[in-house]
Amino acid sequence: MLQPAHPFDDDKLKEECGVFGIFHHDDAATLTALGLHALQHRGQEASGIVTYDGAHFHAHRDLGLVDEIFNAPSVIAKLKGRIAIGHNRYATTGDTMLRNVQPLYADLSFGGFAVAHNGNLTNAQTLRDELVETGALFQSTTDTEVIVHLVARGRGQNIQDRVIAALQKIEGAYSLLFLSAHHMIGVRDPYGFRPLILGRLHGSYILASETCALDIIGAEFVRDIDPGEMVVITQDGITSSRPFENAPSRFCVFEYIYFARPDSVMNGSSVYNARKAIGAQLAIESPVAADLIVPVPDSGVPAAIGYAEESGIPFDFGIIRNHYVGRTFIEPTQAIRHLGVKRKHNANRALLKDKRVVLVDDSIVRGTTSRKIVEMVRGAGAAEVHMRISSPPSKYSCFYGIDTPSTEELLAHKNSVSEIQKFIGVDSLSYISLDGLYHALGFTDGRNNSAPQFCDACFTGDYPVTLTDHLRGSCQPLKGSGA
Amino acid sequence: MLQPAHPFDDDKLKEECGVFGIFHHDDAATLTALGLHALQHRGQEASGIVTYDGAHFHAHRDLGLVDEIFNAPSVIAKLKGRIAIGHNRYATTGDTMLRNVQPLYADLSFGGFAVAHNGNLTNAQTLRDELVETGALFQSTTDTEVIVHLVARGRGQNIQDRVIAALQKIEGAYSLLFLSAHHMIGVRDPYGFRPLILGRLHGSYILASETCALDIIGAEFVRDIDPGEMVVITQDGITSSRPFENAPSRFCVFEYIYFARPDSVMNGSSVYNARKAIGAQLAIESPVAADLIVPVPDSGVPAAIGYAEESGIPFDFGIIRNHYVGRTFIEPTQAIRHLGVKRKHNANRALLKDKRVVLVDDSIVRGTTSRKIVEMVRGAGAAEVHMRISSPPSKYSCFYGIDTPSTEELLAHKNSVSEIQKFIGVDSLSYISLDGLYHALGFTDGRNNSAPQFCDACFTGDYPVTLTDHLRGSCQPLKGSGA
Amino acid sequence: MLQPAHPFDDDKLKEECGVFGIFHHDDAATLTALGLHALQHRGQEASGIVTYDGAHFHAHRDLGLVDEIFNAPSVIAKLKGRIAIGHNRYATTGDTMLRNVQPLYADLSFGGFAVAHNGNLTNAQTLRDELVETGALFQSTTDTEVIVHLVARGRGQNIQDRVIAALQKIEGAYSLLFLSAHHMIGVRDPYGFRPLILGRLHGSYILASETCALDIIGAEFVRDIDPGEMVVITQDGITSSRPFENAPSRFCVFEYIYFARPDSVMNGSSVYNARKAIGAQLAIESPVAADLIVPVPDSGVPAAIGYAEESGIPFDFGIIRNHYVGRTFIEPTQAIRHLGVKRKHNANRALLKDKRVVLVDDSIVRGTTSRKIVEMVRGAGAAEVHMRISSPPSKYSCFYGIDTPSTEELLAHKNSVSEIQKFIGVDSLSYISLDGLYHALGFTDGRNNSAPQFCDACFTGDYPVTLTDHLRGSCQPLKGSGA
Amino acid sequence: MLQPAHPFDDDKLKEECGVFGIFHHDDAATLTALGLHALQHRGQEASGIVTYDGAHFHAHRDLGLVDEIFNAPSVIAKLKGRIAIGHNRYATTGDTMLRNVQPLYADLSFGGFAVAHNGNLTNAQTLRDELVETGALFQSTTDTEVIVHLVARGRGQNIQDRVIAALQKIEGAYSLLFLSAHHMIGVRDPYGFRPLILGRLHGSYILASETCALDIIGAEFVRDIDPGEMVVITQDGITSSRPFENAPSRFCVFEYIYFARPDSVMNGSSVYNARKAIGAQLAIESPVAADLIVPVPDSGVPAAIGYAEESGIPFDFGIIRNHYVGRTFIEPTQAIRHLGVKRKHNANRALLKDKRVVLVDDSIVRGTTSRKIVEMVRGAGAAEVHMRISSPPSKYSCFYGIDTPSTEELLAHKNSVSEIQKFIGVDSLSYISLDGLYHALGFTDGRNNSAPQFCDACFTGDYPVTLTDHLRGSCQPLKGSGA
């Protein structure tokens, strides 16, 4: 119910990937499917699993939700083996895009090799152009395939060396899982933009994007993989190394604000508690005299609870979500469009009438959905409508693995807060301050501007890694990776 | 998010039907599909619409969710006409059951005739046997078809008279919509077990199960149809009559507790507010020293808010629901079953650890799900787990349109509260009292035992209408109607 | 290869049904599916089987070919029991029409009852109107359902009596199979328009439309059911009766010309040999100096062999059929249409060039296909093209179970042979004479005009049974039965 | 009807591919789909088309028949452009194999590049191993992809040079179509194993496997592409070159015997006439006193007509094929298997009874089907059954693009003619002689043993091109190309 990143939230930023791998378990494919199911919020449009059974690799990938793709015993049965890695991603429909569904797999000179990637490379197009020039055949349009080619052409003594050599050429955000006949490898880029954690289920090691993927199968959380760390799991156990130059950690702050599941724990902090703390901080920074605190479902729920507790104003569900909203629906005629049809939400009219209402949401992207929700709440008779946002204004595109509109399309890029307030039609609008956000996340002195504790480029434009392809002006960027 | 009756709540009672009709609108089929979409919680396994275009009747029915069935422009396009009625229902899969999907349609001597039914007849099998004996051919196994045969064989001057004559032979619970070339008729049985409301969209009349079906299309609520009332809508307007003998109103109290959508208003009372009031009453009746009030998602949410407000204990989401739970999934192996896989929910461990937790839910049917949830909450480290139920113990089967297990399967039928407490493994368990329930619903003196204000047979065994078929011992009862 | 009634022969008359039943065999459903497979040429658009397992009836019906509908072990597995009847039919697509797929089934007062019908009733609409007037609910739009209602309302002592009473009210063409818990009944109408034969597989009786349905399962042919005969098969054996007034036998002559499979034997005569004899008679009546006898595939093959043998002119495949023609295909653009695309046939150019060619076909309905074929043969360089037709001109619609265009659409209805010759573009055109046809079929004196040996209404307009509905001018006739 | 290579002929050798391309036509995709439809007999399990619209390449490939894959206007609509190449192939089902469906496509340094291949490379595995060793990523398991990698890594000045350089490394059988933004290239290997012809539709050039693909769209036949010839079609016209060393022409003789469509013309000879000539030669070599010449449908038809004409014995269809045989069907129980179910064929009993019958077929592979057919004909009462085969005994596997069982599985590999006669149960059996075959095909002196006019390795074991991979003992050969 508190799930962020719902597929039907048209105006939300979208996390682009989730990964899960398990080494040596009799039910490797089933557990991976369950792990991907728990990570569904990180990518809802395609999913895949690759396994190795000691002799052969097996793969199944398709467009759709995890439950739709891995719902037949026959599908699981063909994914034989005790090692598996899996991936959830966004992808548009169609023939072409099926080729992009991960994990990618290739037969290399040392044998089969599979990759699952969460993140986005910022120099992928540049590398791809060089590879094609020397005869490489690309089968997908993902940045991830660049990594596979680099490994294929590498000359290292062993797989780890070849992987390291390949990674040293790439730039950007990546939490990666690799699978070979004898290894499962996990790597986080030096800045650690995207999460990656290590778990254990009895004797079997697990690598996954979030802790909720451990909970679903009753596995134990071991630790976060560090930024810049590479772990290699074989039947002899796990080894760790740091093959990259040191870099300051810049974990994506939006994972706390919206992307991650509230029941996950990241870097030792509960995501749910972080959101409540942000809501409480918001109540301190931007109080308002009101009768009700109402979350925008479902993105604003924990922050609204935090705001309500801090302010002492009652928390209530003033907007009811319809659970059964499917993916497609009849095209409304113009006449129907005028009726203001509300398929996803309905105002809880009896609750809202004549009340002063504070709506709490995580962010405003284009503002179109916010505007409709405010209109609906006013239509239900609210006396006043205030909006409180649990992040600073979203002003810049993300190049590190989140699907954002172009900078120009972001409402906050060209509009002041008061313009936005007017656009969405509220009596007052406040965003949490940048320092307030850092404060709520445990940095009592706020943001360290000389060495920021998180990547907050979407609010500040302060991009930790050079945007090589973007600056080069590649007009057709590779499909957002991680991706 | 507050939606009750989620399709995946295996251990919840299930509302069996929702109906919607609109008279004279250019977009009759689309609006009916939207109305059914808003009523999806009343029946998730099949749906249908019948329209009339001035010359021909058109029908489309299928198994699945409304969004799946009416998602193609071509489907809506074939449902021509300005009058439409629609229906949501439960149904098991398969060839046979497709014949049971409503609205039922027949060519009678006066022309086409369609019916949509919410409720359940208690003498359907008896009537059916008589009809078959005299040569009637039944095409479905629903009780509703009995009504169609009775109308077909009726001898009244006009349709209304034939409908009335037919209804005078049937017993049980029914909120019915009929459609002919010139009429849309709505009727509620004399006891008014199931809801039926009247709305208006500009000049077009609407009949629907709940007000949320008006909200979705921006229509105006006019009034509830009264128990025992029949309204006939033609192009000349609407007329009302009361063709039955008077009976005391016995509206289903469980509509307030769980079935109806929280944003609906029934008999002038907000369902959401009613649930909060029940939760508050429960806090008064059964307080407990605790740190957190946690709703069982999603059935316990408003009652938990009410309980929290009354008790002053913080409300928090200690159980996180996975939004993406599909209908089918891989069969877990025995090994996996032992892991205690939790596909639907996850405990919010960081929140629950070392806390005294009060779980709030609407009811306990078989107790199996409650038991698992308690185990999960304990597994997350809760210091104490208490359970508060916002209805009295469910002890008797419903024969008026709700899909309940047989009386024997109901946990509370043979077990005391302390036995149930032990079974589900909580430190304390309390149900709201019967009088407390009535009190929370506005009857300050509680239940009027000589003339109860609601049907509460599921708690008391006090069945307002004789169970003709049941007492006759028909071993193969007709498929629960309304149904 | 010699199969008539190919689904893709757009301009051929279409047989409307095939029936098959077997009484007491462990593999009743499988054998019925095989029998229907052998009868596929009699109806390619829908198929169904009803079985009885001693306790329950089971049904499976769908649109499509037999191999598509009964291709899953799970489908056959659910058709339990040792008695089965099945049916192939034409049907247009869509929801409505699925209800028309036979066998029809109903629960009557004496128990389950199923019917499969080959033929067409000529007073079905009249009877239906009477039935609806007295409250009968029709679930299909087939004439066959009229029979079910008549049986349901019958008052006879036993099933046979009720069936006989029902049949005495109907008029037209019918070869019927009935199934009840204890009986399989077969009946042919008094004129015997459509075929029905009796076979035996070890101890199990079989009723089927044609002998080829016996051959496929290795069953033995016993005899033809006589016109006006009713056989009742129970576990005690088979009994025969003649419940109708005597009528002269009027078997459909077109079964010999085109409808039946060439490997079937009807009334003691091989269909293949009959077609060759007709071809030989045609060669005698209408010789022509030519180099090649070329059949129009596949309808003209045996007659062409007969013509070739009689004339001494070589038989050769001058037109090649593409075996892989599917049901649907891309819409050709106007430009492509001009290319004269020939997806179904190709001229065997090397064979036809500079030759005088005699094309042999079974009939000309609208003439559109014939015209294209002639054009194709001329385009391949034929010096002369002659057409010989193995039936007299088709001038009148059939009302006895064959799907024909209305009389007005039949090319021969308003056009002389020389006009048709001109329209299709041949150097000469001859049809077999009516007497020649009867002669070839073994009646050396030709047609007995005072008591014709066959129904030849499509050539002569001499309809043996009054066209009650047609004369009454019912504008919306029931869906062609048998049908 | 005369179609060889029917998908349901289980015991026939199978042609593995057909190709079609058209340069500069507004309806390029539609015409290619039609051409592939006409070439359906060369590969029935998968099909694909790649087009270029002046800016982008478009592809659609799927498993199934051409009519199933290209049946939607939306599919054709997305295949924009005025240049297209297409391909039919065999493929087993499943995820993996979809990657093998041709045309293959890749983005090379000079732009998009697509390939369609009919044939089989004999050194593909050897080349692939070398390529993988140097970092090439293979996306399919086809030999054809080797060619794409060789072109990708080539260093020629232009596409033609790179294609030539690549082809100089490959060995085996290939008729290839290449598509780039500016070129359509056609090549036949030096021996010309597989056919490739040039046609023209107004101003547009066409390359295709057989002339029947020209006939279907009304295109004009220009000429055969010569063995070892490469034609390059651009908007400036067509140029021809011979980039390979000279080699003797060794066209596959089985194209005449069975693979090609009878209405095609190859190397100036009608396939239909060739088959009749072989049948006539067989009658001269192996006469027999008989009453009827009966073709095994459909593979033996033209040869049977030739045999009948030469011998003066009547030709008749003694075996009737069921046109509606689908791909899958119910699993017969053991009991049913004993009935000798004949779903595909039925004996024309009335014709065969007491006759001396000569069955004519094109070949015997494993002999299992022949045996069943003979048994069926005897069961229908034939007095004698003789078999005449229009090819010499099939003793050796093909490595040049035909799907044959391994040599060990070929009945004639280890059995003499008299042993085969006994196995299939005929009164006499004769194959055409090798010299007789060459004679019938126009070489009056028979086979030139020092320089054979055809590839007849399947009869003689005389393989024109070294079997590099086979001799190297590669245990997992690449999926038969062309293929």
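In order of appearance the chains are A, B, C and D, and numbering begins at 1 in each one.
The criterion applied here is as follows: contacts are C-beta pairs under 8 Å (C-beta built on N, C-alpha and C of every residue); 3 or more make two chains touch, one makes a residue touch a chain.
None of these values were measured; they are calculated from a predicted model.
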Quiz item: Counting only C-alpha atoms to place each centre, which chain is farthest from chain B?
Solution: D
Self-check item: Mean-CA-position distance for chain D and chain C (Å)
Solution: 37
Practice problem: Please report how many Å separate the Cα centroid of chain B from that of chain C, as a whole number. | Solution: 51
Self-check item: Contacts with two or more other chains, residues of chain A listed in rising order
Solution: none
Practice problem: Please categorise the chain-chain contact pattern as a line, ring, star, complete graph or other. | Solution: ring
Quiz item: Taking all chains into account, which pairs touch?
Solution: A-B, A-D, B-C, C-D
Quiz item: Along chain D, where are the residues that touch chain C in the complex?
Solution: 1-3, 6-7, 26-27, 30-31, 33-34, 37-38, 40-41, 44, 65-68, 70-73, 75-76, 201, 212, 215-218, 261-263, 265, 270, 272-273, 297-298, 301-302, 305, 309, 314-317, 320-333, 335-336, 339-343, 346-351
Quiz item: In the complex formed with chain C, which residues of chain B make contact?
Solution: 59-61, 95-96, 106-109, 132-139, 145, 148-149, 152-154
